[in-house]
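Following this line, the structures themselves.
Common to both upcoming complexes is chain A, partnered first by chain B, then by chain C.
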Partner chain A sequence: MVMPGYRGRIERILKRASVKVGDKVKVESRGRTYVGVLMPRTDLGDPNHLVLKLSSGYNVGVRVEAATKVTLLESGELPRLTLPRPEIVQDPNKPLVTIVGTGGTIASRVDYRTGAVYPSFTAEDICSAVPEIAEIANIRVVEACNVFSEHMTPDLWVKIARVVAREINAGAAGVVVAHGTDTMGYTSAALSFMLRGLFRPVVLVGSQRSSDRPSSDAALNLISAVAVAARSDIAEVTVVMHGTTDDDFCLIHRGTKVRKCHTSRRDAFQSINEVPLGMVRNAQIKMFRDDYQRASQGGRVRVQGKMERRVSLVKVTPGLPSNVIRDIISSGGKGIVLEGTGLGHAPESLFDGLALAQRRRIPVVMTSQCLWGRVDMNVYSTGRDLLRLGVIPAEDMLPEVAWVKLMWVLGRTRDPERVAKLMLQNVAGEITPRTRPDVFLRPIFEAK
Partner chain B sequence: MKSGTDYERIGLRVGFEIHQELDTHKLFCRCPSRLRDEVPDLQVRRKLRPTQSELGEVDRAALAEAIKGKAFSYQVYFDSVCLVELDEEPPHPVNEEALDVALQVALLLNAKPVDEVHVMRKTVIDGSNTCGFQRTMLVATDGSLEVNGRRINIPTICLEEDAARKVGENAEVVHYRLDRLGIPLIEIATGPDFSDPETPAKAALYLGQLLRATGKVKRGIGTIRQDINISVAQGARQEIKGVQELGLISTVIEREVQRQLALLEIRDELRRRGAGPVEKNLIDATEIFSKTSSRVIQKALASGGLVLALKLAKFAGLLGREIQPGRRFGTELSDRAKIYGGVGGLFHTDELPGYGITAEEVDRLRQRLGAGEMDAVVLVADVKERATAALEAVLQRANEALVGVPEETRRALEDGNTEFMRPLPGASRMYPETDIPPIPITAARIRRIRSRLPETPEKICARLVESYHLSQELAERLSLSENLKIFEELVASTGADPTLIAATLEGTIISLRREGVKVELITSEVLRDLFSSVAKGDLAKAMEDLSRAVSLEPGAAYTYVLRGDLYWEMGDLESARRDYAKALELSPEYHEALKRKRRLEDKGTGHDRKA
Partner chain C sequence: MVMPGYRGRIERILKRASVKVGDKVKVESRGRTYVGVLMPRTDLGDPNHLVLKLSSGYNVGVRVEAATKVTLLESGELPRLTLPRPEIVQDPNKPLVTIVGTGGTIASRVDYRTGAVYPSFTAEDICSAVPEIAEIANIRVVEACNVFSEHMTPDLWVKIARVVAREINAGAAGVVVAHGTDTMGYTSAALSFMLRGLFRPVVLVGSQRSSDRPSSDAALNLISAVAVAARSDIAEVTVVMHGTTDDDFCLIHRGTKVRKCHTSRRDAFQSINEVPLGMVRNAQIKMFRDDYQRASQGGRVRVQGKMERRVSLVKVTPGLPSNVIRDIISSGGKGIVLEGTGLGHAPESLFDGLALAQRRRIPVVMTSQCLWGRVDMNVYSTGRDLLRLGVIPAEDMLPEVAWVKLMWVLGRTRDPERVAKLMLQNVAGEITPRTRPDVFLRPIFEAK
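Here is the complex of A and B:
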């Protein structure tokens, strides 16, 4: 691509002047003269401007009109970002940790097409930017995929799970999955269900401030995640992210109990309905609990990756009509998770649709849009009615975790009774047997 | 520098950047631009790591530095600092009001607004910006202004966010307050077009007034700051940061000229002596000082430190050479050692024996390092890591002395001297702010702003002469003064003589301030009463009001000076003379009264009492 971002008239003018991106040019337009390096143009901006980087370092957009004159002063290279390749020295006394790249903000860089942050670093680039991780472990880097977190799919979960299993079975002490934050909770839940016989730590990590800025949280998160993968005895899928807004420590969340609770803060990830498993400060791990699966030296991880894609997550709203359910069923839906109100309720207007689901042997699972707390459908008559309609109460499971789990369960069996049994069986810590009194929202900022 | 310096001959080139805070909400969020003094609600601790710029290579040394470097603690107020300043939320779109003001200033300076503004990130990893960069945008180019009949180029006008305020520092943490972070700043840069120390201050004064004419700028100490670029022929460009007072600009320039000339002399002397690059041979001299009576060294050794020494061959006598009043070449080495090594300071043989270090210790040190009479030795007492970094920085600075003057960013000190901050950064630390799309500047917007441009000081001056019959000199002063607005209000509301009002505001009140009278107590209401009484001829009441306002005793000498001034302005010389005499009776040495009495006697008649 010689002329990234430039189209139409502006592209013709640049071509006529034999100018390409990276060249030093003079642009004369309406009594102004600018000298600078031609930069790529974002697709999203006004197409009639070209972007110059002046010698002061400032970028400036120049409107191109018919009379605009562009002169080539000096040919240049397209600006390219190069980090020195990391010199990975293998130390036989250190454990091996595999970092699985998937794209997303822990590995991102300026993108000229959109003018926005976009994944383009390879996982190796991260190693070079955060040399501390090499002090903790021998690092191996593989790429499972390279997509933005919001473009993650169930197919890609399976792909990631296979790579993780392969690495652990081949002897990695632990695996770190670098993932965009938007859907990290979904992927962590999916991996929790898919990875059977897991005997080593699998840690998902991301960053809320992109790694192209000095204040990025990526480094602390990654160092902490590698520490958990290399040094912890947690044979579960976890999420390791900032514990507070400070660059102080990270929390280790169970992969089925964690949720992104803020659009932008570093400490967006919170454990819901339980305390985190532990924390990491200066690459040292401190556990808060002992009810987790212990790691062992030997074993074999299998991937149960069969997923029923036709599962819907429906948020219950007042007066929600039954045709929402009917439409799902008529378009081939095989399972429904409801995000009910309060203790797990839905309005009468939905009952016809639920009755239809019951007749068609399509499982319906109830979670709560309160997020915190457990559903209980015996307290009020509406709840009892819903139970009679075959709705499965999913305890304190997070709605999106129940959605992932139902996809996974329907990959095993279609039998409604077995589905109900499996949904209520604690497969990967997704159900908290007892709720501690101290696990509800605390003040985010503790006023001093 | 003595006034005899031939600045033309030494090739002095000066330019400056003026940074003015705007009185709008913040540039990238809706927080108020308000400084706070209370105990903060929250402190947030962070670290920064350098990153790559769009065109640059990653600096491995800088990365290593940052990893072991200091943490930053940010002070937050819940009601005036939000997640944007905390770098916990992306920046909001640019404050359009602030951008309008910047465009207005650009048009006033005949600059050309850019077609499309691109917000850039300028990497700053000293912690003063939570995100590790300062957001800045080029708004216009190619303006100019005229000072003393000379055209001064204004190559760029930028809009940027102010940095956080540093409020403290210790060995591990630098404390910043986030109240100032994000306040919009207009940056006006002049070309290197000045060749004397005096004119830049005049140009800065003019620009200050031009900015105030927009009615959207903040006032008071720290709201307008100057960075000055200075070089002399054979010297090097220095960026001197944070000159807060216009009065200091010429001193800073004179002192910098002095420094560069002295550094060039040191270079020439080193060349005469045949000095070559300094050998990197750091010697552990701890043993020599095991029984020292130097407190500094004792303390360092007691806490597990060592004494590290470096020979600077052929530097004897030069470290003690003065390069600015009270600052020696040794101070330059010490600045570097402090910044790069984090040490408290260093010793060098030009100042030893002394500070508890004996002649015998110095002799043994010289012996140990093989330092002859023409050589100097620098020593640092601290833990090994810091002492090593400090002496490596000293070595680099010493080698730079062989070449001449290093390009540096320096901080202005209160007396007009400067100290080292960091090497001059290049353009490569800029990269695009991807969270904010480019902003087109439409022709319609420029038309709208152009139709509402405030008056320039030249036009104001002409109008003052024309409509109020002020003298050219008084009109010029008033046109650049903060009193302009109140002057026009008082003329309109009181009907008193405009020259009397202008002379009182620009003369009497300013001399009162110099005497330490709390002139801020003379509010616009007080002035309105005063001039209303004057207009009615009731001077006694006028005096009473004024005295009460400034809480001075009615009989104080200064009130007679003030009334004398008013009488003089009104042409009643006899009463004026009587009041000055009365003031001198109460306070025989009273300079202001003596001065006026003499001038009145010299003049005999006339209306003009201005200094």
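Here is the complex of A and C:
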């Protein structure tokens, strides 16, 4: 067998050349020549490419066509295709951290040094791949689900919340949730609202770069996340990801104030409207603030997992017609979050639809598509008109977080006044009481 | 008459105290005492407040209740309630700049020194209020419409485009469009696509702070915008707004790459995924780049204003169901822009709806809710699934800009292949060919 992963044309070409994974080969394709070690293919890769590890250490995907020529240069073995499985010694002096797998890249592809790919997800695999974490804590690994994060659902949030609660109630010092980055901010918000009485750290972590590349952020992120879970006194749901593009430090973001702000950079995750809680460098934690929930030794986490699924997030655009609201209501919608313009505005063309929502007692919550800053619907007449239509101004809540919260609030009550009250009550740090004026962004490029 | 603007209870209380606008008064309300000059009320203010200019120069709104007491301290006149209307001398050596009013704050409240409020909008008013602009250019003022920008519509974009084209074709050196900030980025994108054969600068400008406050950004923004219209060689639609929170300099943003990123800060407008074109300090322009369309002396601007209104912008959320797409299609929708997750992903639950759109030949365009970075749908299997469903990856286009562009493209053609081709063709700088890795944001707060 060449290697599970290569199929069809590539498998035939490799067989013809008597090449197996681990061999050093020459590949001639589209007029270019590549020399490197043939790597196993992963499900994440393009099935029309084979993967070579170049002498530089970088992996490259080479497109294989009918005319592509592969030549064996030297037989070889992948350095550590089967990892040695060290007996994990449970050190009674170390805290126990549970890593909950959900299917993100970080969980399935953790060996960042050899480029080898591990579909399995055991404590042994992870500790072998990133041995630093075993120095911080005794590691236990459980799987809650196995999906790319773009396919995460509210049902899976509940499942993850239950696993996290179970682990903490069973004595884990902290829990790390390994999660794809696409919707990590949604899941961190959902866990923040669902986990009531949280008394230990819960840390979401992911990886922006595949861990089979030397530039991967997986190892530093995982080490830092385990450090926060094992050593911090933050009894909140947080997201721990790279603070810069250097493999330098990670930032600790509150789970309700964080957003993926870049499709590919390692420092894509940013706290919005507040300073991050702290940072992690060399597995050492430095807090920037002291307004967070402190961990304690005992307690009991409960999961308030009931969520109203029929809540819509509507981005306001110029001239948005009222039938958008009417369609949501006639499809059985139970709540609407608007991503309004500026201080929390929507066009007059939407007012009829909003009046209908008000008559039907369907709560409508206002956030801002600016993302930074705070909704203030008392400044202009449009805002006051919207307040009269019963629209609930969601302070400085992120639109996505307000959407998750409204699902959760409607799982508690249907009474419009109680919904409004709960939406404006600070349940999990989602509302910053006072915005620091210096919490914004500036372009990295500098105007001179 | 006390003053147009004060009505009901406030008018009665002011009459009883024989107080008129311009008088120095003492107001006792809710246990606090305020002393200042009574200012005229504007339509933008809360009808239950009166406005005092304190000796500090700041205006304050004081809530008036039944028990509020107003006492006349000293009769007075507002310093320049009726501005002297200087004869504007047309200087043949200066370029002509047309300021097009659309109804934004900047146009209607320009006297930033006295706090006086001018509902009218004439060249004389503006030149009196911000005399610096008359030193830069001969100013002509026309009104295209008069709405808050949250009520701007695609129909009004066309109207503005026609006025701009008329002014340029009639010989204006450049045009400034005074616009509310809420939807300025949408209008700047729309004008960028509609104005074909543009050969002079078109500059959108607005104000984040009311111009009756000393901290207003209106004057610097307007001066800088007129400077770009009169003196720059940028034959593109740009947005000129504060570069920092200091009254220091303005940045020149390309009209298709700019976004309002803060509800209230003066530097809310930021170029996304590219370096701004340049900056303006003391009405002097400094360019950062040379990849822009150069102005020329002659030419003819045409307006391609046909827009397909039935285009939806859908923000992707976890578990988003296919009936969202079905509802859009059954309501007669002709195009959809998705604000996907990460590199351009959507959940499996949406695939049925996307397959329906594909069968009905309704184009679906993918952007990223990360905002920064670029859609890449070849990295993960979800992206490749979406490509097979005919989804068009919109490179690094902002979601709002892709939405405007799809309306414009569908005004040209209904053929799905031509739509896809035009969406990926760089019409007005909306696609950055190569992303500079340093074009991102960093929090203003510094991690140590």
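What we mean here is this: the second predicted complex is superposed on the first by the 339 of 448 C-alpha atoms of A that agree within 3 Å, B and C clash if a C-alpha of one lies under 4 Å from a C-alpha of the other, contacts with A are read in each partner's own complex, and residues count from 1 in each chain.
Heads up, the rule we're going with is that contacts are C-beta pairs under 8 Å (C-beta built on N, C-alpha and C of every residue); 3 or more make two chains touch, one makes a residue touch a chain.
Just so it is clear, the structure is predicted and the values come from calculations on it, not from any experiment.
Student: Per the contact definition in the header, classify A:D247: touching chain B only (first), chain C only (second), both, or neither.
Tutor: So A:D247 only meets chain B here.
Student: After the superposition on A, what does A:A219 contact: first (chain B), second (chain C), both or neither?
Tutor: First partner only.
Student: For A:G319, select first, second, both or neither according to whether it touches chain B, chain C, the two together, or no partner.
Tutor: second
Student: Who does A:R442 touch here: chain B (first), chain C (second), both, or neither?
Tutor: second
Student: So, does A:R32 touch the first partner chain B, the second partner chain C, both, or neither?
Tutor: A:R32 contacts chain B only, not chain C.
Student: Check the contacts made with chain A and report whether chain B or chain C touches more of its residues.
Tutor: The partner making contact with more of chain A's residues is C.
Student: Touching A:K260, do we find chain B (first), chain C (second), both, or neither?
Tutor: Second partner only.
Student: Determine, under the contact definition given at the top, whether A:V51 touches first (chain B), second (chain C), both, or neither.
Tutor: Only chain B is touched by A:V51; chain C is not.
Student: Touching chain B and also chain C: which chain A residues?
Tutor: Common interface on chain A, chain B vs chain C: 44, 46, 245, 263-265, 445, 447.
Student: Once bound in the complex, which stretches of chain B touch chain A?
Tutor: Contacts found on chain B: 41-52, 54-55, 57-58, 60, 63, 66-67, 71, 78, 83, 86-90, 112, 114-118, 120-123, 125, 130-133, 136-138, 141-142, 156, 158, 426-432, 434-435, 437-438, 440.
Student: Within their complex, state which residues of chain C touch chain A.
Tutor: Listed in rising order, the residues of chain C that touch chain A are 43-44, 46, 148-155, 157, 180-183, 186-187, 243, 245, 249, 251, 260-265, 267-268, 270-271, 275-276, 279, 288, 309, 312-315, 317-319, 323-324, 327, 331, 339-349, 368-376, 378-382, 384, 399-400, 403, 436-445, 447.
Student: Tell me, which parts of chain A touch chain B in their complex?
Tutor: By the definition above, chain A touches chain B via 29, 31-32, 34, 37, 42, 44-46, 49, 51, 53-63, 79, 81-84, 110-111, 115-117, 129, 131-132, 209, 211-216, 219-220, 245-248, 263-266, 445-448.
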